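The same chain A turns up in both complexes below, where it pairs with chain B and then with chain C.
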Partner chain A sequence: MSFEKRTCEISGLEIEKNSESMIKLNMATAIIFFAIGGAAGLLVLLTRWPAIHLLPVEWYYRWLTAHGLLALLVWIIFFEVALVHFGSVTLLKSRLAVPILSKITYGLMLGGTLLVVVMVLGGQADVLFTSYVPLQAHPLYYLGIILFAVGSLIAFIHFFINAVVAKKEGEYKRTLPMVSFGIMAASIIGIMSIAHGAAIYIPTFLWSLGIIETIDPSAYRLVWWGLGHTSQQINVCMMVACWYGIAAFLFKAKPASEKLCRSAFVLYILFINVASEHHLLVDPVFSTWHKIVNTSYVMHLAVLASMIHAFAVPASIEMGLRKQGYNNGLFEWLKKAPWGNPAFSATFISIVLFGFLGGTTGVIFGTEQFSIIRHNTWAITGHFHGTVVAGTTIAFMGMAYFLIPVFFKRDLIMPGVAKLQPFVYGTGITILSITMMAAGTFGVPRRHWDYNFSDAPFGYQFDSTVDIFMGLVGIGGLIAVVGGAMFVFVTLGSIFKGNKRA
Partner chain B sequence: MAIHEPQGNWWQPLSKDEKIWFILALVWMLVSFLYMPIQHFIGVQNPPSESYRVSAEDFEALIEAQEEKYTVGEENGFPVVRPNPDEPVYLKASMWEWTPVLELEKDKTYKIHLSSVDLVHGFSIQPINLNLMVIPGIDYVVNLKPTSSGDFRILCNEFCGLGHHTMVGKINVI
Partner chain C sequence: MSDEHNGFHAPGTFVLAIIFLVTFILLWLGHAKWLTDIWEMY
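Showing the complex of A and B:
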């Protein structure tokens, strides 16, 4: 089949026109919302820092809602839509099957985002991003979320349309390349999570319009976390696909066993959805056996999959570097790795931090015995800044450093800044995450405007070491904000002002 | 390479390294998988699992009846209730208070019924840091045996509107 394409001189990839413009658009949009979400994070951070306590109470909750939504939902999913196109078109040397679908996706997601942001910052949706009923937001808030979700659903379905067309046109014979396979797994999980999303947001939307009378708060939490938790597995899957991708592009690394790694992706698809009940371990209603089967038995099969990837990716990088001649001793390959290339350093940092910071704490907090002493404390916020920020976000940063020259045909500006950026951001998030967990250990609640309880009928003073942790969260957060700003300047600067390549 | 279709037969047996890692990972998963259920039966630090449906009106009535019978004083505008350990004890979450203040005896076991009459709240006893969800329409039964005396606070740790940060209750253990 012939269609308009060019060959990229950096990567050797064949880049088809329609998908190229959608990848560029989604990536740039993602980064812009990352910047706004990060600014919201800064405002929230400065409010929780007792020495500053910046925002008044209602604005704290509004910016917190905005931070959760813009960072977790908007930045991440726009970037994932770019990856869906990359995995189902570029890597298959194929073409975008239905260009109009990509445009509809983009329009719905952008429209939904704007609606949500206007509602939240307009004070019409003081419900935080979980919007547990019977807290109620303006109907347009739920509509915005629904539009965004429908847009991303179309993108995940588009993956399969593209892959089928590529196969029909003979671009691949038997199976997808591993990176595409990972993105396919993510797309399947994406479709599953949006099914939960529809099951909860559509009734909630109707309820906010007064058409449905009540929504059971317990049932809401169960189904909402079917969305909230499952969608985190989209992020894990996409992150792992990026790890394999960067390892392959930079080192021609080959996963030692395609069989094992692909099977691990299948474990994600099969088991992650049901593990969602670790969010409900200290809820009434659900029986102990329900919780045990769901979060203990099933969840660990998904963790097993992460363990497999955590071995396979570094091992393939090691083999790639050893082939380049760095074969002395146990660790020469690691010392000689291209630490100055931010695509590599970000990937490596993502692997290490996801494993040690996000993954381990997830497995620990996901037990009944720990949940009861950590639930809704700041320890949980510390945990997921170790997964979705230190893991997924940093992996996407690495991918962005690689993809921007490929797709925008421009060099990265400020290479010195780019080189340091993953380290600065990684350090900041590590401090933030660990000290949030430390404060949570003493019971400091998440989503809380005043941990000194000065307006409460009964005062309470946390252990005095907590003050130190609160300050350290602030310092770690500021370092992360600097690292995040470096990323935004380098990437957006390169997109608009980088040296043009032929 | 992970960015190309694998060539030839890629459904190959695992190498030795991979096998070792896979087995180690599997064993670790089995251990941590068994840990939680085993702890559930031999340990003491487990979330309770007894709960019933209750309407807001019925729960309010139970709270009022308890206040009438067992109020022993007042603290900062809240009734202080000293319940009988042999009877059910009721604690109500509402925007943005925990009612009543409970006065419990050390080393006695109480059956505390927690419910909310409006939104979802988070029951968080400090400084021991024990956390449970309180859901409107659900009566969550917690067997509580205070093992040390003193003042304890109940924070709300689930967002419940703009007064969320002022929602602090009290338990006195004597």
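Showing the complex of A and C:
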């Protein structure tokens, strides 16, 4: 097939025209919402910092709702839609099969986002991003989420259409290349997760309109987490795909055994949905058998997959660098690795932090006995800033540094700032995550405007060490905000103002 | 290089992996200790 394309001089990738504009659009949109979501995070942070306690109570919950949605949903999924296009068109040297579908996806997702933001900041949806019933938001809020979800569903389906077309037109032989394979696994999980989303948001929407009378809170939580947890595995898969991608682009690195890595992606697809039970361990209605089978056994098969990836990628990087001659001792390759290239440093930081911060704590807190004392404390918030921020977000940052010059044909501006950025952001998030977990260990609740219960008839005094941790969360958070702002300036600056290449 | 039998082409990562696993186990045991400490308080 012939279609309009160009060859990128930096990466050698062939860039097809239609997918190029969609990748640019989705990536830029993602970064803009990352900026707004980060600003929301700052407001929430400054409110939880006892020395500042910035926002009044309603606005704390409003901005917290906005932060959860904009950061976890909007930034991440717009970026993933860019990756879906990248994995199913660029990497397959193929073409965008149905360009109009990409436009519909974008329109639905953007429209949904705007609707949701207006509802939340307009005070019509003080329900946090989980919108647990019986909390009720304005119907347009649920509609906004549904539009967003339908948009992303179309994108995940589009992956398969593109892949089939590429195969038909002979662009690849037997199986998808590794990175596309990971993005395909993410797309399968995406479709599963949105099926749960439909099963829960459509009835909830009807309930908010008064058409359905009640929704059972336990049933809501069960089905909602089929969306909420499963979608985290989209994020993990996409993150891992970025790890393999950067390793391959920068070092021509290949995993020692592709078969093993591919089967690890299959483990994700098979077992991740059941692991969602860790959100329900404290709910009284589910049986102990159910809980134990899910979180004490099946969960570990998904964890096994993450460990395979987290060892395979550094090993492939090590082998790549050793081939380049960095062969002395155990760690010469690591010392001489291109730490000044933010695409690399972000990727490596993502791997290490995801393993040490997010991974370990996820497994531990997901055990039934531990969950009971960790549930709804700040330890959980600390944990997922170790997964979805230190892991996924930093991996996407690395990918953005790689993709922006390739797709926008512009150089990164402020290379010195870009060089430091992953370290600043990584340091901030590490401090934030660890100290949140420490505060949570002492029982500090998550999602709480006044954790000292100062207006309650019976006050509660936490151990005084908690004050130190609360302050450290504030400091770590500020460092992260600086790192996040550096990312936004460098990437948006490069997109709009970077030196043009021919 | 054959696809199989090349674990030790990446000895650095092997060491990192061991460090990771040891940390992991210590954290896990630490949690268990802490949990039983709490139990004993009641």
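The criterion applied here is as follows: the second predicted complex is superposed on the first by the 502 of 502 C-alpha atoms of A that agree within 3 Å, B and C clash if a C-alpha of one lies under 4 Å from a C-alpha of the other, contacts with A are read in each partner's own complex, and residues count from 1 in each chain.
In this text, a residue touches a chain if its C-beta (ideal position, glycine included) is under 8 Å from a C-beta of that chain, and two chains touch if they have at least 3 such contacts.
What you see is a predicted model, and the numbers here were worked out from it, not measured in a lab.
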First, second, both or neither for A:Met319, with chain B first and chain C second: second
First, second, both or neither for A:Phe311, with chain B first and chain C second: both
First, second, both or neither for A:Ile292, with chain B first and chain C second: first
Partner chain(s) touched by A:Leu330 [first = chain B, second = chain C, both, neither]: second
Partner chain(s) touched by A:Met399 [first = chain B, second = chain C, both, neither]: neither
Broader residue contact with chain A after superposition on the shared chain, chain B or chain C: B
Touching partner for A:Arg447 - first (chain B), second (chain C), both, neither: first
Contacts of A:Ile373 with chain B and chain C, given as first, second, both or neither: both
Contacts of A:Val179 with chain B and chain C, given as first, second, both or neither: first
Which superposed partner A:Ala256 touches (first chain B, second chain C, both, neither): both
Overlapping contact positions on chain A, where the chain C interface meets the chain B interface: 256-259, 311, 315-316, 363, 369, 373, 441
Contact footprint of chain B on chain A as seen in their complex: 57-58, 61, 91, 126-128, 132, 134-135, 172-179, 216-218, 221, 244-245, 247-249, 252-260, 280-288, 291-292, 295-297, 300-301, 303-304, 307-308, 311-312, 315-316, 363, 367-369, 371-377, 441-443, 445-450, 453, 455-460, 462-463
Contacting residues of chain C [partner chain A, same complex]: 3-4, 6-7, 9-17, 20, 23-24, 27-28, 31, 34-35, 38
Residues on chain A engaged by chain C in the complex (per definition of touch): 256-259, 310-311, 314-316, 318-319, 322, 330-331, 333-334, 355-356, 359-361, 363-364, 369-370, 373, 441
Residues on chain B engaged by chain A in the complex (per definition of touch): 1-6, 10-12, 14-15, 17-18, 21-22, 25-26, 28-30, 32-33, 35-37, 39-40, 43, 45-47, 49, 51, 75-78, 97, 118-120, 122, 124, 126-127, 129-133, 135-140, 153, 155-162, 164-170
